[in-house]
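Next come two complexes, and both contain chain A; in the first it sits with chain B, in the second with chain C.
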Partner chain A sequence: MKSDAEPGRFVFPAWTNLIRPALAIVLVTLPAYLVALVWLGGSPKTTDVGYRPEQPVPFSHALHAGQLGMDCRYCHTTVERAAFAAIPPTQTCMNCHKQVRANSPRLLTVRESYASGLPIPWVKVHDLPDYAYFNHSAHLRAGVGCASCHGRVDTMEVVQQVHTLSMGWCLDCHRNPDPHLRPPELVTVMDWVAPGDPAEHGRRLREAAGINPSVDCWTCHR
Partner chain B sequence: MSAIPLDLDNTLERPGERAPLVLGKSDLASITEQVCEIAERPRPSREWWLAFGTSASLTFVLFAMLGYLFWTGLGVWGINQPVAWGFAIINFVFWVGIGHAGTLISAILFLFRQKWRTSINRFAEAMTIFAVICAGLFPAIHVGRPWFEYWLAPLPNQMQMWPNFRSPLLWDVFAVSTYFTVSLMFWYMGMVPDLATLRDRARSKIRQIAYGIAALGWRGSGRHWHRYERAYLLLAALATPLVLSVHSVVSFDFAVSQLPGWHATIFPPYFVAGAIFSGFAMVLTLLIPVRHIFRLESLITPRHLDNMAKIILATGSMVGYSYIIEFFIAWYSGNPYESFTFLNRALGPYAWSYWIMFTCNAIIPQLLWFKRLRQTPGLLLVISIFVNIGMWFERFVIVVTSLSRDFLPSSWGVYWPTWVDLLTFLGSFGLFFTLFLLFLRFLPIVAMAEVKSVVPAAGLELGPHRGHGQYWGEIPHQHDEENER
Partner chain C sequence: MIALLKDVPRWLIYAALVATALALVPLALIARARVVTSSEPRVHLIHDMDHQPKFKAQAENPLFADGRAMRPHPRGVVPAGSAGAEEGFATGRRGGIWLASLPVPVTAELLRRGEERYNIYCSPCHGLAGYGDGPIAVRADALQEGTWTPPSSLHTELVRSRPDGHLYNTIANGIRNMPAYGPQLPVADRWAIVAHVRVLQFSQGATMDDVPVELRGQLAR
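Up next, the complex of A and B:
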């Protein structure tokens, strides 16, 4: 204790004067911290947007679905009747590739798989947590296009995740599905654009089909 | 030094004269001495150690029960369907109700210029803080998985999951935490000048530093006092609506539901009256022994006890009125479930608890109409303990009878607490008294600075008005001489 104080009396030491400027610094940096927190929390690194794993075969969706105009359902056959959109077996590839580029070195893995009967180890891109129940067929029947969630796969050389697939993202659409609805027969049309206002168009489709997306916990967490 | 006889009956009302609120040979210095001495004793008495040992052991029991609860799960309690709200909610409402006297005394009585609050406000506020701590514990452990408690806070998240803002249970979280924060600030801020007094009198290094830090560099300058009084007034204004809002929100936990016996518009005022009733009873339960042990009769005078007893009488009558009018509401509603619930309360399997409640809350406090009883501290103590018991049973009756027999007889059930329930409740008293005994040991238990403002020490010799009248009659009356002139 400093000697200028009365003997036996506590006086706040001089360094405590620093508390006030320190507090000011905290108050100034706090907003910066909050901004950084939200920024980093929403950054693609955190949300997996842009996740683009290397696949065992350099398969190009841009070529097959884009240039060649193959329908999604040619390969992902179960998407209209099952929860899971099937990854095609090697046999599906060989339907064409027995004739087309049958000797391409880029297709070596496919031919090996066809010969051995062991599936190609594709890497799953859109991977929901196991506690979230998702059904492809229900969404297709309601008229949610493939592109609404997966993006323009027909332009991707390598498929990547374009949306966060977070619970909040799901709820955004479940609470307001109108802008994302289209006639169910057009779900796989990748470049489909709503005639006029998408929300208005979707509203009419929703009312006609009686679509009422649930937001109860047990809709997805069963 | 005013020499008002210590046995003066200052409960009388004399028009034009103010009753003295400090008796005996008290002046500014003696009040400092009297209050500080309690916190400055070199070592506590054996009785203090005994009380502290007991309550600390009970606190240990509380923590052991919490550990057992967290380890094993809520099944160790008596709750189940249909009575899913058992002791935890009863105890929560009980403790939070007790926590209402402090703010009423410190804020509302302050705004109404009730000077008698000065001797008891520190004490009541401390009791409030400790009671709200005990109260907050119970909902926190009742949720079952306390490590998910942060879900109660509206934190932004990618799931867009928010607490249910339409649920009164969430309103409770905000109401009680706001109440605790404001009460704590009020208590601490009001204590700063007194902590500075203790700091200035401190002899040992540790006490000098501890009180020195706690006193925040208070020097008692005019500017300090000016800011202090301003802040105190503002906090009082902030705290005043809380006195009414917190227990109203607690009552919504019940009233917003659809259950017969809970779903009633009378609940908020009925709960607020009950809270003030139980709070004042707890203040008396603690104050009367403390006043006796620490010889504070000159500061906490018969008038203080008398005033508190009158508040207990008033709020007790309101509570009793509510008990009776509930039967009228049940009948007048024409709702058979409502009528059944109240008949079931008074005559059903839990009738014993109803009649304990009714006797303790509605009948026994009516004794306080007799002035002689209001002025007998021992009897007041007994009555206040009855009120505490009665108010606990009130919550028991509300929670258990309504839940155990609701609409469908097929879903009726019976609730009994387990030993874990009972020991947890007992342990909460341990926590309460542990904190309270530490308060008695280390802090100024009477707001010295405020009491000094009501000591008629200054200017007594100057005649009437300067000394606020001559109620106690020892100073010669000068009214007549002045009037003649």
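Up next, the complex of A and C:
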């Protein structure tokens, strides 16, 4: 700033010289900030993982699959034969609950559904986009355990999503399935751990069974 | 240059500090969303064709009074291809007489399948060895449920004497307090379970004479 400026003429004060470096900092950090915002905020780890909807019946997988040790397939009967792992009909609940805890208020919704024939409005936790054709039976046959995608459901009072179920996450395993493979007869064993190195154990299983997961688009998008 | 900061108008400095603080709020919310669970419907920023106007398995269709997009079978309707099954295979009896033996060949594969299916669908009540001491029965006993009828042991004279067809019918349609497992078990699996029940009965009633000679040494302890 010139001290001998003519009177009456506007002169920028000296601090305005800071605007240019400040602007440079903003121009560098703002795009980085926006990228981080979209990257982190739009990530399924933010939007999807941790989804834990309240269910119409306070059903505890921790009790049924954990403490009582019931096999997943007792209720989810279609999982080995169909693409979809069906939510059991109310009749399956009543196999036991006609006699066990038959008057519990926590089971009122179940009894009403059984009496009326109207389905219990269970809330779907793991939901893929409608253009992704996932097949449960194919994955069980190859020896991908329930826990690999759904987590330790046998420890959950209320089921929540623990993996992103994003396309990148699917492809990670399709490109390198070995650490996630186990003998197909043990898919429902929730606390299974590979004897020795999981990748080496899985590699032997994969080669023995000729498992060759496709990464072609049309495998999942038809 | 740093000295110039003193001359910057106060309001401008405060505005910059507030803007920086506000910019950190979304990041903090994102960080929070990544560590906590939420029962709220998922944030879905870009829908693409994620939700298409079609009905997938067990989806909801408001057009029907019961809300089911998958329509229940009308009474008396069976899946295509299942109607022509042989009477004994499908019902466990021929001409009103229980089948005395399995209508399918007993193979190692069938026994393996039967064991696996038994452990999934039967062992919760009947127990892995068939004594009626499965985890559900144990828990029901512990709860002292007045409504509970303990499951049968499969090693009673009565159950041992049942024809195979009768056991099949029990699995398919239930008996007394045992519910029908037909809805959960395809026909072939029911027969495999009958075979495994016979295996259990044989093993639990076995004597040393039933053990192959070369293996007896392992047991005689």
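Following the convention adopted for this analysis, the second predicted complex is superposed on the first by the 182 of 222 C-alpha atoms of A that agree within 3 Å, B and C clash if a C-alpha of one lies under 4 Å from a C-alpha of the other, contacts with A are read in each partner's own complex, and residues count from 1 in each chain.
Throughout what follows, a residue touches a chain if its C-beta (ideal position, glycine included) is under 8 Å from a C-beta of that chain, and two chains touch if they have at least 3 such contacts.
This is a predicted model, so every value here is computed, not measured.
Novice: Is A:166 contacted by the first partner chain B, the second partner chain C, both or neither?
Specialist: In the superposition, A:166 contacts chain B only.
Novice: With the two complexes superposed on chain A, say which partner A:41 touches: chain B (first), chain C (second), both, or neither.
Specialist: In the superposed model, A:41 contacts both chain B and chain C.
Novice: In the superposed arrangement, does A:11 touch chain B (first), chain C (second), both or neither?
Specialist: A:11: touches chain B, not chain C.
Novice: Return the chain, chain B or chain C, that is in touch with more residues of chain A.
Specialist: Touching more of chain A: C.
Novice: Could you say whether A:206 touches chain B, chain C, both of them, or neither, answering first, second, both or neither?
Specialist: neither
Novice: With both complexes overlaid on chain A, does A:126 touch chain B (first), chain C (second), both or neither?
Specialist: neither
Novice: Classify the contacts of A:84 with the two partner chains as first (chain B alone), second (chain C alone), both, or neither.
Specialist: Second partner only.
Novice: If you lay the two complexes on top of each other, which residues of chain A touch chain B in one and chain C in the other?
Specialist: 41, 47
Novice: Considering only the defined contacts, which chain C positions touch chain A in the complex?
Specialist: Contacts found on chain C: 1, 4-5, 7-8, 23, 26-27, 30, 33-39, 41-46, 48-52, 54, 56-58, 60, 66-68, 116, 119-121, 124-125, 135-136, 139-140, 143, 145, 147-149, 177, 179, 181, 183-185.
Novice: Under the definition above, what is the set of chain B residues touching chain A in their complex?
Specialist: That would be residues 156-161, 199-200, 202-203, 208-209, 211-213, 217 of chain B.
Novice: Which stretch or stretches of chain A touch chain B in the complex?
Specialist: 8-12, 38, 41, 47, 164, 166-169, 171-172
Novice: What does chain A use to touch chain C in their complex?
Specialist: 13-15, 17-18, 21, 33, 36-37, 40-42, 45-54, 68-71, 73-74, 77, 82-84, 86-87, 89, 91-92, 94-96, 98-103, 117-119, 121, 127, 129-131, 160, 185
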